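Before I ask anything, let me first share the structure, which is written out below as C-alpha cells.
By letter and in written order, the chains are A, B, C and D; residue numbering begins at 1 in each of them.
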Amino acid sequence: MSVDLRTDIAGVTLPNPLMTASGCAAAGRELHQFFDVADLGAIVTKSVMRGARSGRPTPRMAETPSGMLNSIGLQGPGIDDFIEHDLAWLRSVGARSVVSIAGGDVDEFVELATRLADEPGVTAVEVNISCPNVANRGLVFACDPRSASAVVSAVRAVLPPHLPLLAKLSPDVTDIVEIAAACVAAGADGLTMINTLLGMVIDLDRMRPQLAGLTGGLSGPAIRPVAVRCIWQVHAAMRAGILPHRPIVGAGGVRTGRDALELVLAGASAVQVGTVAFNDPNAPMRVRDELAGELDARGFTRFTDAVGHAHRVLADAP
Amino acid sequence: MSVDLRTDIAGVTLPNPLMTASGCAAAGRELHQFFDVADLGAIVTKSVMRGARSGRPTPRMAETPSGMLNSIGLQGPGIDDFIEHDLAWLRSVGARSVVSIAGGDVDEFVELATRLADEPGVTAVEVNISCPNVANRGLVFACDPRSASAVVSAVRAVLPPHLPLLAKLSPDVTDIVEIAAACVAAGADGLTMINTLLGMVIDLDRMRPQLAGLTGGLSGPAIRPVAVRCIWQVHAAMRAGILPHRPIVGAGGVRTGRDALELVLAGASAVQVGTVAFNDPNAPMRVRDELAGELDARGFTRFTDAVGHAHRVLADAP
Amino acid sequence: MSGAPAAARPVQVRGTVLANHPVGGYRHLTLAASGIAQGARPGHFVALAVGDDPSSMLLRRSFSIHRLGADDTVQIIVADAGPGTHWLTTRRPGDVVDVVGPVGRPFPLPDEPTSCTLVGGGYGSAPLFWLADVLRERGCRVDIVLGAATAGRLFGVDQAQAVAESATVTTDDGSLGTAGRVTDVLPEVLTRGGTGVVYACGPMAMLRAVTDVATAHGAVAQVAVEESMACGIGICMTCVMPVVGEDGVTRMVRSCVEGPVFRGDRVRWDSWQDGVGRVPDDAVGAPTPTTGVGR
Amino acid sequence: MSGAPAAARPVQVRGTVLANHPVGGYRHLTLAASGIAQGARPGHFVALAVGDDPSSMLLRRSFSIHRLGADDTVQIIVADAGPGTHWLTTRRPGDVVDVVGPVGRPFPLPDEPTSCTLVGGGYGSAPLFWLADVLRERGCRVDIVLGAATAGRLFGVDQAQAVAESATVTTDDGSLGTAGRVTDVLPEVLTRGGTGVVYACGPMAMLRAVTDVATAHGAVAQVAVEESMACGIGICMTCVMPVVGEDGVTRMVRSCVEGPVFRGDRVRWDSWQDGVGRVPDDAVGAPTPTTGVGR
C-alpha cells in the first residue's frame, strides 16, 4: 500500500490531508503525548482573539446522541501569549500550524492577521467567522454574506500573498453557496466547513438550558450528513462555475477513515478531526492511516484523485 | 400518578400531547397493530398531495449516527384516495387526525385545503412547507418568509375558522424566528418544528451519494439539540412579544419521555415522535407514558404547566 | 396458489438470546421471543433492533425466519455484514434483543401437490428448509439448489440433502459443487423435477435470473426480495419497488409488508441499475416533466 | 508539600475487564491495561470510552484510580449514574474498554511525616485508601471520614477501618454511623488527630465545606474536584473552574490536567450557584461590558 497522501491547499503542499479541528486540539501539546503532531497534515489551533479571554462559565458542554454541544466562549491566552508560547512550541516540534483567528469586529480580525503576517511557522490562517459580530446585534459574521466578505477581504489585505486564508463557514444558513461565493469573491483561498450547528439541551434536573451560555455548538458524527451536504453543494457550485474553484477543508463528525473518505469524495481536499479526538486522542493519526487504506482498497494511488470523485461518478452515470 | 395530560392546540383539546410525525406513521393503520392509535393525542398523516405520486427511486434511506436520511419524495395516493381510505379509516377507529398537506405551488395547497375543509374527522391541518416551490427554482417554501407566508395565508383563507392550521417549519434557515413570525402573521394557528435537516451520505462502495435523490432529510435523536434550540428561540421570541403566542408542536429526535420533556420545557405544547417509531413501533405510546412519569416526578400535575417552563426557571434565576 | 397470502400481524417483544453458534460463515441465533411463532409461516421475517441502549443505530435489521423451535423460539441465520449484524453476531446467551415479527407475506403454498424447486443464494437459503418441510407435508416434490460465491458462504447444504429429493450446489469459485451460478444448473433441475413452482431467496440479481429461467420453463417463480428497510413494518416507505399488480398496473409497493415474497414475473427487474432504482414511467404517480419530486 | 506535582503523561490502551464485582451500591471493576500503572499516583484518574462500537456516547467518563493491582491492572469504583456508567457496570470479564490514563495531577504528599485526615463522600472515597497506604509508608498518621446519603452509598468502610488510625462514618439518614454530614464530625477528628493536611474527594458542596473546616483548623485542604469533562486530557476546555494561582491571580483552569486535585483554599467556591458556574470578575480575561463572548 503506497498511496500518495499529499494534498495542496492553495499553493501549500501538506504531506497528508489530516488536520485537527480548531478548538478540539488546543495547540497540539496534549495530543503530542499520543502521537507526533508533526506527522499530521497540520494542527489547527483553537481560535485566538486579541486579548486573554476567560470564556464562558460552566457547564460548557452536554453530551448528545452521537455528538455534543459546547459553549466554550473562545477561552484563550490572547494573540501575544499564543505566538510566544503555543506557536513557538508548534514550530519547535516541526508541526505545520493553521492558526485560527476570531474577532468581534473587522478591526480585531485585521489586528490578529497583522500580528501573524510575519510570524514564521504559520502554514495558513483560518478565519473563524462563526462568531458574533458585536457591531451587528451579535449576528454571526458567517450568517451574512456582507459581514463574511468584509472580514475576509480585510484579513486578506494584510496577510502576505503566499499565506493561504481559509474562511470557516457555518452551516446555520439558508444558502451556504451564497456565503461561500461571497468569501471566495472577497479573497478566501480556501473554505473550511463546517463549524458547529446551533443547538440546545435542557437539563432535566434543573429544568433550564444545560449550558451556562444557553445555546451551544453541535458537533460530532451526528452532524456528518450536514457537513457532507455542505461540501457537496459548494463543490458542485464550483464545478458548475457559480464560484471559482478553491480547496475545501472538510470538518464535521469524522470518526474513521471511511468518514473522511465521504467528505473527500464530496469535494474536500483536506479533512479535520474535531470532537472525535475527545473520544479517541489518537483519532487524527488513526484516521490518516485508515483513509490511506480505504483509498488503496479503491485503487486510488493519489489522494488528490479522490477529491470530489463522487461528482465525477455521478456525472458519468447513465 | 395522575398528571392531567390534556393540551390545547389552538382551541382544540387533545387528551394528551403525543402525536406521530408526518411520514413516520403512514396513516396509522400499521401502528394500530401495536397500540390503539385513538389513544394518542393525534395521528399526523404522511404529507399528501393532489395526485397519486410514486415518490423517488431507491435507495431512499441511509442510516447515520443516531439518525437517518430519507428521500421518499412524498409518495402517496393523492388527496381523493387519502380521504376515501385513510381518513375514513382513522375516523372509523376514533383517532384524531392531523392531516399534513404538501404542494408544489400555492394553488395545490389551496386545492388540498379546500378538499379537507368539510371532511369530518380532521382535527387540524399541518401545512408542510418544507417542499420545493416549483415556481421559485425549487426553493423550499419554508426557506423564504414570503413564500411561506403566501402558502399559509392562502390555506388559512379556505379552511373553516374552527380548524387549526399548523405551519411546519424547516430548520435549514438562517433565522427561524423570521419564518415563524411570517407564518403567524399569515394566519398560522400553530407551528410544528422541526422538519428534517438537509443532509447527504456518500455510498463508499459505489462512490456516489447513497440516496437516489442525492440529498435527503436528516432526522432522529442526532438532530434533537437543533429542534430544542429552534423551539426555544421561537418560544422566547413569543415571550418577548416579537411574535404573538401560538402553540408549538415539537418534533425532532424524541426517543423517550425525557426527550419529550426537553421539547416541552423549551416551549412545545405537543410532541411528535417520528424516526424513533421505526426503531420502536410502540414509541409514541411509550413516550406518552414516560412523559407522564417524568412530569409527575417533577411535581407537575398538569402537562400545560410544563410548557415553556425552562424559560420561567431562567427568568427567575438569580 | 390462490393469490398472495395476507400479511402477518406483527408483535413487538423483548427476545432473549438462547444460543449463538457458528454455521459456516454465518451465525445461527436462537431467540426466545413469545408471540412471534404463532402466525409465522415460511417466508416471514423478523425485524430486530440493534445496539446497546442508547444505540447509535436506529433502524431495524430484517432476517428471514429460519425455523421455529419449541417454546416460542425463533431461529435466524445472520451474516456479519456491517455494524448492526456485527452486534447481533456477538450477542451471548441471556442477552436481550428487541424483536418485531412475524412481518410480511409468506411464500404462497400450492393448493395441491406440485413439484417445487427451492433456490437459495448465500444466507438466502435460511427460510427454505422450513418451507421444504411444509411443502413435503403437502405432498410436494422438493428439489433444492444452493449457490454462493464460495463454500464458506453456503448455508444448509446438509439440511438440503436431508430434506430434498435432490440437492445441487454451485459456487462461483468452484470450491464446492459445480463452479458457476445457480442458474447454470437450474434448467436441468427444473426439467428433471418437472418443477411447477420455483421459490427463491437471495440477491436481487439472482432472483431476476431465476425468474427468467423459471418463466422460460413454464414455472411460476416466487421470490423473497431484500430491499433496504428502515422500519420493516410498513410506515417509512423506504423499501419500495416497482411491482405489477393483479390489474396489470405498476405501483411502487412496500417490500416489507406487501412482500418480501413477490411473483417473480411481477417485479419490474429492469428498474435497477448500479444499485440505484428507477421509477418506471408507467408506474402510478410516476414523475412527469411538470410534477417535481418533494423531499 | 512543595507545590503541585507535575501532571501525568497519559497513554491510551485497550483495556480488558478482568473482574466486575458489586461493592455496596457500586461496582468494583478491575481492568488489565498495560502502561497505565507506571507513573500512576493516588489522585490520578483514568478516562474511559463507553458504549459498543459505534457508540452514540462520544465523551470519555472519568474515574479515580482506586488501586493498582499486580500485572498492570487498574481498579476503579463505578456508580451507575447514567447511560455511560451503566454500560461500564454491565461489562463482563473479557470485554474490552478503551482506557486513557493516568491523567491529572495527583495528591501532593507531605515532605515529612504529617498527620492527615482523608474525607470521602460517596464513591469519592475510592482513591483514598491507596493514598492512605502511601501516606502511612511515609510515616504519616491517617484518620478517615466517610460520608454518604445512606449506608448503601458508602464505599470502603472496611478498608478505612483496616488502614486508618480512626474511621468515622456519617450518613445523612443515619442508616450507618453518625446521622449528618462529614463536616459535622470533621472538627473533632481534626482536633483529635492534630491534622495538618486534609485530603478530600466527593461532591463539590462537600469539598467546599471541608475546605472551610480545614482552614478554620489551620490545616491545608487538598481536594479532588469533579467537573463535567468531555475529553479528560486537556484539549476541550469544558472542565474549567476558577482557581487562584501561586501569583494570586484567578484563572479559568482545566480541572482535568491542572487538577483534579487543587488546594481547597485556591478554589473560588463562590462561583457556583444552582449548578451553573460564574466567571469571577477578576479572573484573567473575564468578560467586560465591551467584550462579548463568542460561541
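Going forward, a residue touches a chain if its C-beta (ideal position, glycine included) is under 8 Å from a C-beta of that chain, and two chains touch if they have at least 3 such contacts.
Remember, predicted model here, so these are calculated numbers, not experimental data.
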item: Touching chain A and also chain C, the following chains; value: B, D
item: Most distant chain from chain D by Cα centroid; value: C
item: Whole-Å gap between the CA centroids of chain B and chain C; value: 35
item: Chain centre separation (chain C, chain D; CA means) in Å; value: 55
item: Chain A-chain B separation of Cα centroids, rounded to whole Å; value: 33
item: Residues of chain A whose C-beta touches two or more other chains; value: 65-67, 198, 206, 215, 220-221, 255, 317
item: Sequence positions of chain C contacting 2 or more other chains; value: 54, 56-57, 274, 276
item: Contact graph of the chains (line, ring, star, complete, other); value: complete
item: Complex contacts: residues of chain A adjacent to chain D; value: 23-26, 30-31, 33-34, 46-47, 49, 51-61, 63, 65-68, 70-76, 78, 102, 104, 130-132, 134, 138, 140, 196, 198, 203, 205-206, 212-213, 215-217, 220-221, 255, 275-282
item: Residue ranges of chain C in contact with chain A within the complex; value: 54, 56, 273-274, 276
item: Chain C - residues contacting chain B, complex; value: 9-12, 49, 54, 56-60, 98, 100, 227-228, 230-231, 233-241, 251-252, 257, 271, 274-279, 283-287, 291-295
item: Contact set on chain B toward chain D in their complex; value: 65-66, 221, 317-318
item: Residues of chain C touching chain D in the complex; value: 51-57, 83, 87
